Amino acid sequence: MSAGETDVRPEEIQAAAIAGLLEGARHVAVGMVSPIPGTGALLANERSGGGTRVSILGSKKTTFWTNGGSELFDLAGRGRLDAFFLSGGQIDGGANVNLVGVGDYPEAKVRWSGSFGSAYLYFVVPRVILFRWEHTRRTLVEKVDFVSAPGTSEPGVHRPGGPIALITNLCLFDFQREAGRFRLKSLHPGVTLEEVRDNTGFDFDLPEHLAETPTPDADTLSLIRGPVARRIADVYPVFARQVFGIEPAAA
Amino acid sequence: MTVQHLADAASLAALVPSGARIGVTKGEQTDVPMAMALELVRRGVTDLDLVTIPTCAFPASGMMLDILVGAGCVRSVETSGVSMSELGAAPRFSAAVKAGTLKVVDATCPAVYAALQAGAKGQPFTALRGLIGSDLMAHRDDWAVVANPFEADDPVALLKAINPDVTLFHAPMADRHGNVWIGRNRDLLTLAHASDMTLVTVERIVDGDLMEDETLAPAVIPNFYVTALAEAPGACWPQQADGTTDLDAVRAYMSAARTEEGFRDWLAAHVFARPEAAE
Amino acid sequence: MTVQHLADAASLAALVPSGARIGVTKGEQTDVPMAMALELVRRGVTDLDLVTIPTCAFPASGMMLDILVGAGCVRSVETSGVSMSELGAAPRFSAAVKAGTLKVVDATCPAVYAALQAGAKGQPFTALRGLIGSDLMAHRDDWAVVANPFEADDPVALLKAINPDVTLFHAPMADRHGNVWIGRNRDLLTLAHASDMTLVTVERIVDGDLMEDETLAPAVIPNFYVTALAEAPGACWPQQADGTTDLDAVRAYMSAARTEEGFRDWLAAHVFARPEAAE
Amino acid sequence: MSAGETDVRPEEIQAAAIAGLLEGARHVAVGMVSPIPGTGALLANERSGGGTRVSILGSKKTTFWTNGGSELFDLAGRGRLDAFFLSGGQIDGGANVNLVGVGDYPEAKVRWSGSFGSAYLYFVVPRVILFRWEHTRRTLVEKVDFVSAPGTSEPGVHRPGGPIALITNLCLFDFQREAGRFRLKSLHPGVTLEEVRDNTGFDFDLPEHLAETPTPDADTLSLIRGPVARRIADVYPVFARQVFGIEPAAA
């Protein structure tokens, strides 16, 4: 490990892992208030020389809709969106996602904002990347209280899409669609398997060889800290200031 | 069919009856009908069924919905998301859900769009992929799963069309004929087609006929679909005509609305005490 | 996903394979892709399935369809109307139907639009009022009647979605990024969304980025949906850039095409003998 | 009958009859190449002081779509189109309309252009006015060879719309929806019942009192020959020259 890599931030490791999951994607959309997925997607865009198109929702500069808010979903329905990110107040071991609340629906002990596009995009986007930075038994649960979007579907249900991975502040899981279960893929630097087990509310499989999530190499880091950081600062100024110490370009 | 040109947001809001089903867009663009919403609060309208197209999860739209809910104007909200975006949760909305005083009809964005588009065409329902196996589907009696008649073993969700009684929005400009220019904000056009009444505040009224300008006409809602409008600059507050939102105003609201008392004080100061509220 | 900028209509037409399902609009506006169509004739493409959105019943569009049919390029036409409008019937189309050499899939305009809109959304089918009891319905295996799940005793027609392999059209302008401005001709946008490939000739290429002009952007097909385009002024002939149609050219065609021999002569003179046809 | 009315043209009588059928309509659409319905609709517009809006399809000046070609059908589906005109290569006694051709479909002895919007608008537009100037047994048949759009529907089929009348160069029929039959309403001046019977391929009912189609009064004629003629000349210049002897205003 070179000297420059020792001060790599967790956000950079996570973004690089995300970019790895996006290889070869032609079009990636990033939901609002998702700075790390946005960083990963823009890194994929830079690495691909622009071949991977990135749409950051809510940002005029990086979206191109001219047919109203349904256009994102329409192009996804047409197979024109290869990857999307989804988070959840709760995510369970079957990759079911809950964005609605805690408690016996419709009663709610805690009410979250709502399901947004999850119950559709999860079915039609080939690579849905789940992310939830808070890796605890509160967020990664055995069974969600409300299924905003199911992780898997009955045979016969049209489902070209679905989850491929879950990334947290501790580790990266693969999702095995046939089995309907997560498999640990890599631990972020310094994280132990024990720690992951202790903080995960669901059971998961182990890989033959448990790897460490790679620390980005120098080339990748210079992309992240250079062009990617400058672009992310236009969309997420607070995040860019905190992580990269840079300000958005004057409008 | 002639568009009524009214004096102000209050005169527009006066056309909205209690019990109406109201359509509003998500507020990503500068279109939040805050002035009309506050007039509904002043009038003490009740039992509104709000349909958000498909969310109210931007600071200004979330705030508008939160105020209407907090003031007791709303019976139900059909939505795919309510929040103040990065500023946090909508306080009176969350409180009402917890208290069980507000019915939330949980949806997902593309289902709202598809059902609204069916409504805009006057069709009874439409089909949408996805949804099957979600708890959203389990709680909707206006969604159903049927067999695709053109494909073996292919269950597909059908969604009953959405047709609001009234649509409320703010737009950049209109002409004296009542044609309204909406730019890339195409959802407003779909909403106007789908709704029985469309009430619009605009930033400014321009001379001439927007429909006769070949570069502007493609982004116009023809007057045929507009019930009444009023020139009311700033009626989208806390959104501002330059496309930004006064986030300090939203934060101040959120801070006040953390409690019922704080919310009442906010209403007293910002809605009932405003001089232009005097009738 | 990058738009290919090609040299001319011939290079665009070279991307269209025999057997493709081709979408074209009705030709009410200046959008008839005649130059590309004539290149398909030159290449001797066969077995095309044409889908007209929803008709080819204007002089230039009817003529284009008639030429493709007469030249043997077409296997089937799905349409709600084919004619040269007030100039009369489409001669080679009518002859081919009588001779039984062309399959016509008869439709009705709103059904074509609704099915195309479902296609543009990537949905399997959609619902439409009307149709029931017509002989159109009786002859379509991609239309079906089902019970409305939300209403008792309410049969409703379902229509399988339309997704052309290729859409061909002419447009007023594009930029160097491949964004195409279509004005009020919204059907072109729906077609581009619904089709796998979109090939466009444009009257002119302009500098700058159409998506960054707030008055033009609402009427733009973003480059994301455009496979390839070429600057080819007049590629909509006999339509003309000023919005009119050279009706004398259409009348001369119709007069020639009354007979198979006359049609062959017309092709020889206007398609195969044109210098730019030399490859 | 005043002296001025003796030279009233049949087109004027027919247009006035059509205007009578449009009374109170808020929005009337006229298909392409329909000059007499267009004249009648514009007369209704003038008489109503603009209250009856007229959209002449294919004419930029009198249509207002900004949502593509489906907008006409969409607003009709929403109940926003009160009246529409429909013709047919064949029309039968049940008001079934054939726009496709003569012969055993799909074979065709004669192929017409196609069904256009008929199979939808006939169901959803409350007042559909059928017109067919050639009143012969070739056009008004007992049973159409192909039903582009049916005149009536089974109970239970959603059908707020349908035919209300049929106007020809000889007479005006009412359509009785319950009975599914035409009833003669009035004979155009100089036409006999015998003549109508001889030239009609279907059976029809007779009214208690058989009237003559009214000749427009002087006020109506001056509207037709003044503002209506000038407006129709912009859309149908050949028709306006023949019937009213006027040219379109310079563009």
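For reference, chains read A, B, C and D in written order, and residue numbers begin at 1 within each chain.
FYI, contacts are C-beta pairs under 8 Å (C-beta built on N, C-alpha and C of every residue); 3 or more make two chains touch, one makes a residue touch a chain.
Everything quoted here is computed from the prediction, not taken from an experiment.
Judged by contacting C-beta pairs, the busier of the interfaces C-D and B-D is C-D.
Between the Cα centres of subunit C and subunit D there is a gap of 30 Å. Averaged Cα coordinates give subunit A a centre that lies 41 Å from the centre of subunit C.
Subunit B and subunit C, compared by their mean Cα positions, are separated by 37 Å. Shared contact sites, meaning residues of subunit A that touch two or more other chains, fall at 65-67, 70, 73, 77, 124, 158.
Multi-chain contact residues, meaning those touching two or more other chains, occur in subunit B at positions 114, 117, 121-124, 128-129, 154, 156, 184, 186, 189, 217-219.
The complete set of chain-chain contacts reads A-B, A-C, B-C, B-D, C-D.
Interface of subunit A with subunit B (complex): residues 32-33, 58, 65-70, 73, 77, 99-101, 105-109, 111-124, 146-150, 153-154, 156-158.
The touching residues of subunit A, when paired with subunit C in their complex, are 26-27, 51, 53, 64-67, 70-71, 73-80, 124, 158. Interface residues of subunit B facing subunit C in the complex, by the touch rule stated above, are 114, 117-118, 121-129, 142, 144, 146, 148-151, 154, 156, 158, 160, 182-184, 186, 214-219. By the touch criterion given at the top, residues 1, 120-124, 189, 193-194, 211, 217-224 of subunit B touch subunit D in their complex.
Considering their complex, residues 25-26, 28, 53-55, 57-58, 79-83, 85-86, 89-90, 93-94, 97-98, 100, 103-104, 106-111, 113-114, 117, 128-137, 139, 153-156, 184-187, 189-190 of subunit C touch subunit D.
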